[in-house]
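Structures given as structure tokens follow.
Paired with chain B in one complex and with chain C in the other, chain A is shared by the two complexes that follow.
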Partner chain A sequence: MSLANNNAFIRIRNLRKEFPIRAGMFSHVQLRAVDDISFDIPKGSTMGLVGESGCGKTTAGRCLLRLIEPSSGEVWMGEHNLTNLTNDQVANMRGRMQMVFQDPGGSLTPRMTVGAILREPLDLHTNLNAHEKDQRVRQLLSQVGLQPDHLSRYPHQFSGGQQQRIGVARAIATHPDFIVLDEPTSALDVSVRGQILRLLTQLQEELGLTYLFISHDLSVIKHTCTQVAVMYLGRIVETGSTNEIFDTPAHPYTQALLSAVPIPDPSQRGKERLKLPGEVPSPIDLPPGCRLYSRCPYRRDDCLQPGPPLFHIANTHSAACILVEKSDLNREKYGVSAYSQPA
Partner chain B sequence: MRQASQQDTLLEVRGLHTYFYTYEGIVRAVNSVSYGLNRGEITGLVGESGSGKSVTAQSIIQLVKAPGKIVSGEVWLDGEDLMSFSQDEMQAVRGRKISMIFQEPRAALNPLFTVGDQISRVIQLREGCTRSVAESHAVDMMRAVEIADPERRASAYPHELSGGMCQRVMVAMALSANPLLLIADEPTTGLDVTVQAQVLDLIRTRVRSAGSACLFITHDLGVVAELCERVIVMYAGRVVEQGPVSEIFARPRHPYTQGLIASTLRVDIDKPISTIPGTVPDAVHLPSGCAFHPRCPFAEDLCQQEEPAMVEAGPDHTTRCHIVSGRVKKDMLEEAWELEAA
Partner chain C sequence: MSAQGTPLKLGLDTELSPGLQRFLYQLRRNWSTLVGIAIIFFFVLIAIFAPLLATHDPVATNLDEQFQPPSSRHFFGTDEVGWDIYSRVIYATRVDFLIAIASVLLAIAIGVPLGGLTGYFSGRFDDILMRILDAFQAFPPLILAMAVVAALGRSIWLVIAVIAFINFPSYLRVVRAEMKSKKESFYAEAARSVGNPSHRLIFRHLIPNCLDPVLAQAPLNAGWAILVAASLSFIGLGVPIPTPEWGSMINDGVGGIVSGEWWISFFPGLTAMIAVLGFNLLSEGLRDIFDPKRMES
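Moving on, here comes the complex of A and B:
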């Protein structure tokens, strides 16, 4: 694999993660949570990983940081192949790659003050002396918009938005290059969500951070990411720049996902929607072909063939649908009227 | 009996106060809330966490948990004052005239009984029919909420079904009574968008066809815009604005509603991220005057001193703001929110 001439900062190649699930007393089946995903994130940009619950996006994010051991595949950060490192070496790298979690309250130790929470990564990953650490902690607080007198308080004394600010401060404490943001705003109120998103964007510009932004919320992805990968049942079904994904979605799943998002404008009520019947099937015992087969309005027999791989559409845009390969984006001529009016 | 108002009002809440008596002090979770719900309409109740929207719903069916207490107010359902009802009379209203769908479908279902059992139990209690009749009716209800293979699914336990499926069971259970009023408390919050679209469709068609009223509690303005006819916006225990959906979204008059709409991200258009500065106030120590004034970009001295009254803001559209009432002379410029984003 020619990874040397690729200037992307984060490079993921054929990443897989399987969890053994007990089927009987002695037998196991494999649950393929992440199935052969590959993508690049250029330095200083934000990759959005979007999909519904159970699609494997959180597992993928954790595999990238080796918080979970991937079953196979490679994860490159700069010149380091993270998947080849020993556990000790990974521990040494932790300061350079951090994570912000979904539940801001649950991810902060309730018995530690904010000062202690922010000092811990400095103790583990830096050689600063006590005075320097103190200064750094104060600097972090002001960077995320908190006051110095917050240092001696405990997490429960803060609102959800402030707790997430503490989570962000902890993540940037050791000057990381790469941060995985796992649904950082989904537990927050609308008016506070914008504040956190703006803080993240501002820090990215100031510190040159590279983000992997995991979310199920397409509107958040649209406003924060430069590139997007859409996941369904462990596979990336479509990837491209944010504009490509949101303006010209090619995969039926992306189209359905986008058209299911409620638009906060009553005058647009009654627009045509692509509806997916049923629900996400169990990730155990998946068929060899397209994962969307059971719900796809455009399905045909060819879809049951193993695959499909990601077909190139334009620039960085590609989608894993055989209709894309046949350049058959105008599906209406097949007489399939998948779009329906709401009642 | 009071005469019906100009429209076909099913539920009327007047001057409702529900307070929580905590060690830190009194939390005025619902503070002088008045609104009406019309038959065949879905009314959205929007607000951030802690704005009192769930407690408003619990007050209607008188299921406020201690230390909460309904202090005063009237709740008229179809010409009857629910506040004058005894416990037993109220129990007869719940599940028959008013049913409720909760946010966590799996927590609201009993894990020890099959979903078919739970639906048929509701039907049996109401109709006084035999078990087998109720069971076949339960299967019909499950078919009505588009559960595939309802005969087999009826014998499934809640843990065997997905979140979306459990929420359909809840909808089936709530609607099996043909209630006059359906209260849905964030019914789609934990669901994926494709499943959310299915559940919303279901609630919409069932409410329309049954001619009942629905109070739909949510924090998602997108859902309100797609589903509801009317909107009530709550902030810190008060209704700050209410009116028809088209009117509120096109001409929001209260700064909080404007801020909420401005900070809602959209997939269909590009715009900078706007936010409302600050956070939701501490429920025990609410700010003086208008509770929104510390976060309001247009606030003046009067807003700190005096709580604004509900005033007319347009056709069938009322709001609680000194600027709208004309007591504070100031222009509410949309740019104020965009500037926040810069």
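Moving on, here comes the complex of A and C:
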């Protein structure tokens, strides 16, 4: 079982993040954005973190890199416990862990040229001299498929895909080990999306990078990730290898997510879709027990008990649903063979 | 999107730097900026070459030639002590431009970093600072300037310091307001994730992106500084006589307006007006010149 594996490169243990929300003049309530999540990412592999907007996946990614401070829990990268480091130590570690952002244009400082943007991580984390930095910047540009004469231009002079290439070049500038990809392709055209994904996988192979790939797009997750964790309302409801998640989803929420993917081929349609009625409940003041209770077609009284924990299914596959333990979930009925179409 | 990738060429083979390209582009697009720059440039030339342009010593009295009307010998006439108005207007350009530009630069040097820091860190320090500024700004600025100059004495440097002191809160406020939104931007987060320490984040990534309103305001304030300096001199509190300064020269001629010697006040007043106009026209385009994004629209 993956959680017991202490050899993985990235190890997240019981990570929580709560935001205080002002309720009245003197009272606060806690919004639990990330609630007790744990997972591992082996070196050189890609973990997909998937879920709908507002489920806490982006917050989790930022907590991992300490861009925001987690409320509790541990994040290990190799032998370092990131949650124990001081802010200065984290700043020094930033050369080894990087992030690629969702909004490619917005994440590049408007009044800095591409050259200045790419030189910055080298200034901060390396002892290269000016000439070596220049060499490295040119090398980075060619690695991500841009031209050397782009160096003196400003970010707004590029297309979205090119801007994201610059974002990727900045992220790999200091030879990091770990990169959090926060919806790196969701702001891009479908045609450009494929190029960026190919670039990311190619760089991963060349440089031995470890990725956490945050996305709501299941087709993208399916083609880039080796492992997947599904989040709902701050919790991981199911985790496993990509094949396990996509071929035999165990949690009703995962099944609903997969069955919401549009199917391009009409002859493949016709299978009954699992729909979750109602809306996502407010993350403030959640009931105990399963988060999906109010919307789950299989709910029963036991679901209101605190928990449920992740139940082991097979290999690395586990799901937080008491029905998994009782294994009377009808998986065939909502089988997902139709969703194996590449995007 | 890709069309602006082609750099502007001006019939030269060399590619111009992006800043210069923007400058030339704005000039061609915006005639009021062009006129503003031309006026300011004209005055700067006058200030530099004042000794060559002046026909007389600006502080040499000549009691044989009092109250001369404009003529080929005294282009703008003379006043009651025989000072040549034309030469004094020329030399006064040096004083008034020094006041205008130095006071604005000083106000920016104080207001921008302070506004950036207080906007970024917010909290208690920000609250206290803003309340102090509120108290300052509740005071009528010209009265404040008069009080300070009257208490501490008359000199150019004191006039500059007072004008800068009156102006810096407005720079602080606009930069602080910009900072409060810019520090939440994606590029601020990206810069943090690259490992920028706070001071580098603030001064390299954020403050340069908070300068739009400053650039629009600076020329207006420079023009305004000339008016304040002139006002102070007019009520006898500005640059001490005999240093030529437009405001004090207007003051010298007040009596003459009634008795017919109109030129004593008219020429310095006209010159000051043109200079202020030049600064105001410049303010229109200065922000655009410094903004890399303005080229495409």
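In this text, the second predicted complex is superposed on the first by the 323 of 343 C-alpha atoms of A that agree within 3 Å, B and C clash if a C-alpha of one lies under 4 Å from a C-alpha of the other, contacts with A are read in each partner's own complex, and residues count from 1 in each chain.
The rule is simple: a contact is a pair of C-beta atoms (placed from the backbone, for glycine too) under 8 Å apart; a residue touches a chain by one contact, two chains touch by 3 or more.
Just so you know, these numbers come straight off a predicted model, no measurement behind them.
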| item | value |
| --- | --- |
| Partners on chain A (chain B, chain C) - clash or fit | fit |
| Touch count on chain A, higher of chain B and chain C | B |
| Which of chain B and chain C A:139 touches, first, second, both or neither | neither |
| Contacts of A:159 with chain B and chain C, given as first, second, both or neither | both |
| Which of chain B and chain C A:124 touches, first, second, both or neither | second |
| Touched partner set for A:279, first chain B, second chain C, both or neither | first |
| Which of chain B and chain C A:89 touches, first, second, both or neither | neither |
| Chain B versus chain C as contact partner of A:112, first or second or both or neither | second |
| Where chain B and chain C come nearest after superposition, their Cα distance in Å | 6 |
| Set of chain A residues, in rising order, touched by both chain B and chain C | 159 |
| Residue numbers on chain B that touch chain A, as the complex places them | 48-49, 148, 162, 164-165, 192-198, 200-201, 204-205, 208, 219-227, 245-246, 249-250, 259-261, 263-268, 270, 273-277, 279-280, 341 |
| Residue numbers on chain A that touch chain C, as the complex places them | 65, 67, 91-92, 94-95, 98-99, 101-103, 106-113, 120-121, 124-125, 152-154, 156-157, 159, 167, 170 |
| Sites on chain C touched by chain A in the complex | 1-2, 4-5, 18, 185-187, 189-197, 200, 204-205, 208-209, 292-293, 296 |
| Residues on chain A engaged by chain B in the complex (per definition of touch) | 52-53, 159-162, 189-195, 197-198, 216-220, 222-223, 246, 256-258, 260-269, 273, 275-276, 278-280, 342-343 |
